[in-house]
């Protein structure tokens, strides 16, 4: 039998160069920058997977109106495990998790040389842009969630 | 018997005017700004209580060196309950909690007209600036924690 | 003869407490935070003068739509004269200048003990939100500009 | 005769994906983010050219102390020519300019499809970290400035 190594999911393995402006006077990153990185990593992941920004976010070029479904962050958290410094080049491992038909989380693991430095998470709720009521996730997001988790269930 | 109304703890009741730059193209605040507000509310609370920035944070004016004890954020989280808009003037209620001799949390409740709009929290760990090892909280922080919680135990 | 002391224009004299998150690993403020402070000082000035955020900025509460006239920043600049530290409490002196019927500048002078630490400026252009064409400034802004400069011409 | 096409200077031609958090409620980027991008573009350019962050910036990993020479921003400015939206992928053209032995500017041109959308600039002054007095630029920065401008003089 042949074991097929699953193709690397390159939209889940990103990089983040830590910049000088991300630090504070303690000489390491200022904590809330990590939450910004989490959201930007999610945006980067969608883009690499092939989902256009304009289909998910309002305010994009050539949009007549914003998307029908908004995905606001309703919860977020982060753990700071080791000091992160300016100049560090971090690996960012994205783990999306579907909670239910209206809700998902994006967990981001920030590593240096395979060691976890910090972990962040954003939880998003799908709501109708017009009614502001909870609604099913957009199809693109559903596909991205499914593709991201394919092959993960059996091994965990 | 005389019921003594406790003096208002004015270092725990702050304000935050939401600025245009805190919003994103969805027309409400961008989520990670709230974590910035949490830290700034903590700083404001210490200052109003009478603790100088230079005794807690590195990088302050007239410091020869930074404080002996650093208080990095090791965990944070936030819940976004209702949309917060530019121009909103929020009440910020600070609830500090001592976890143990090296660790405390600052919970911040952001209200509009007495309704919770968002809640955030930062958890801080005291470490020695030189050894980077866990150590007891600085005296000033201990006093601020004690004063903030005085009278609260009996009622909760 | 009676010398009338002009009433202090309290909407032009603000304060800014420098927070820990405004600094970087060099131990002083990270430069671009100053541009944020400039915009926030302008917002604060308008508010103190009595102009509601919702009449100037989109995304405010209870707006059906944004204002008819947008005031985007078309140019900005800043000079950094002396190191600004976390914990500093700066005086912010606002000097609005009307350039023409569609354009004005807000100059912000950041002082510590009457010494200039940094100076910033934003230039705003009035454009129609629908046509995106240049248009006259909104009435409220015109009043604020006039009131801010009253009595200044003769003395300069 | 053979005309030698100069090798593309890939450390002067960068990219910037505009993220959702860079926008405000007007639906386009909030102005001061551009200044952040300018500094990050400079850092990116140095890194691509081969200058380590730790040789230029304090707060980097494995530094005993910060660099002997600091390069604070003493002036910055920006022009906003056309609306920049979330999701835009901008080309960033860096033009470093040596002003004198202690001072240089980094001009950053942000383009979409070869059209200028915004232009920003930071001016840096070399000062001795210990004496805080003006001093010559570090060797690495001098090399980067020279390499960046090679071949430009004759054509301009």
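By letter and in written order, the chains are A, B, C and D; residue numbering begins at 1 in each of them.
Note that a contact is a pair of C-beta atoms (placed from the backbone, for glycine too) under 8 Å apart; a residue touches a chain by one contact, two chains touch by 3 or more.
What you see is a predicted model; the values in this text were computed from it and never measured.
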Of A-B and A-C, whichever chain pair has more C-beta contact pairs: A-B
Interface residue identity across copies subunit B, subunit C - same or different by half: same
Subunit A and subunit C, separation of their C-alpha mean positions in angstrom: 36
Centroid distance [mean C-alpha coordinates] between subunit B and subunit A, Å: 27
Interface hub residues of subunit A, defined as touching at least two other chains: 20-21, 23-28, 32, 36, 39, 57-60, 86
Subunit A-touching residues of subunit D, taken from the complex the two chains share: 17, 19-21, 23, 27-28, 36, 39-40, 43-44, 47, 52-54, 57-61, 85-88
Residues on subunit C engaged by subunit D in the complex (per definition of touch): 24-28, 31-32, 35-36, 39, 57-60, 66, 70, 72-80, 83, 122
Complex contacts: residues of subunit D adjacent to subunit B: 20-21, 23-28, 30, 32, 86
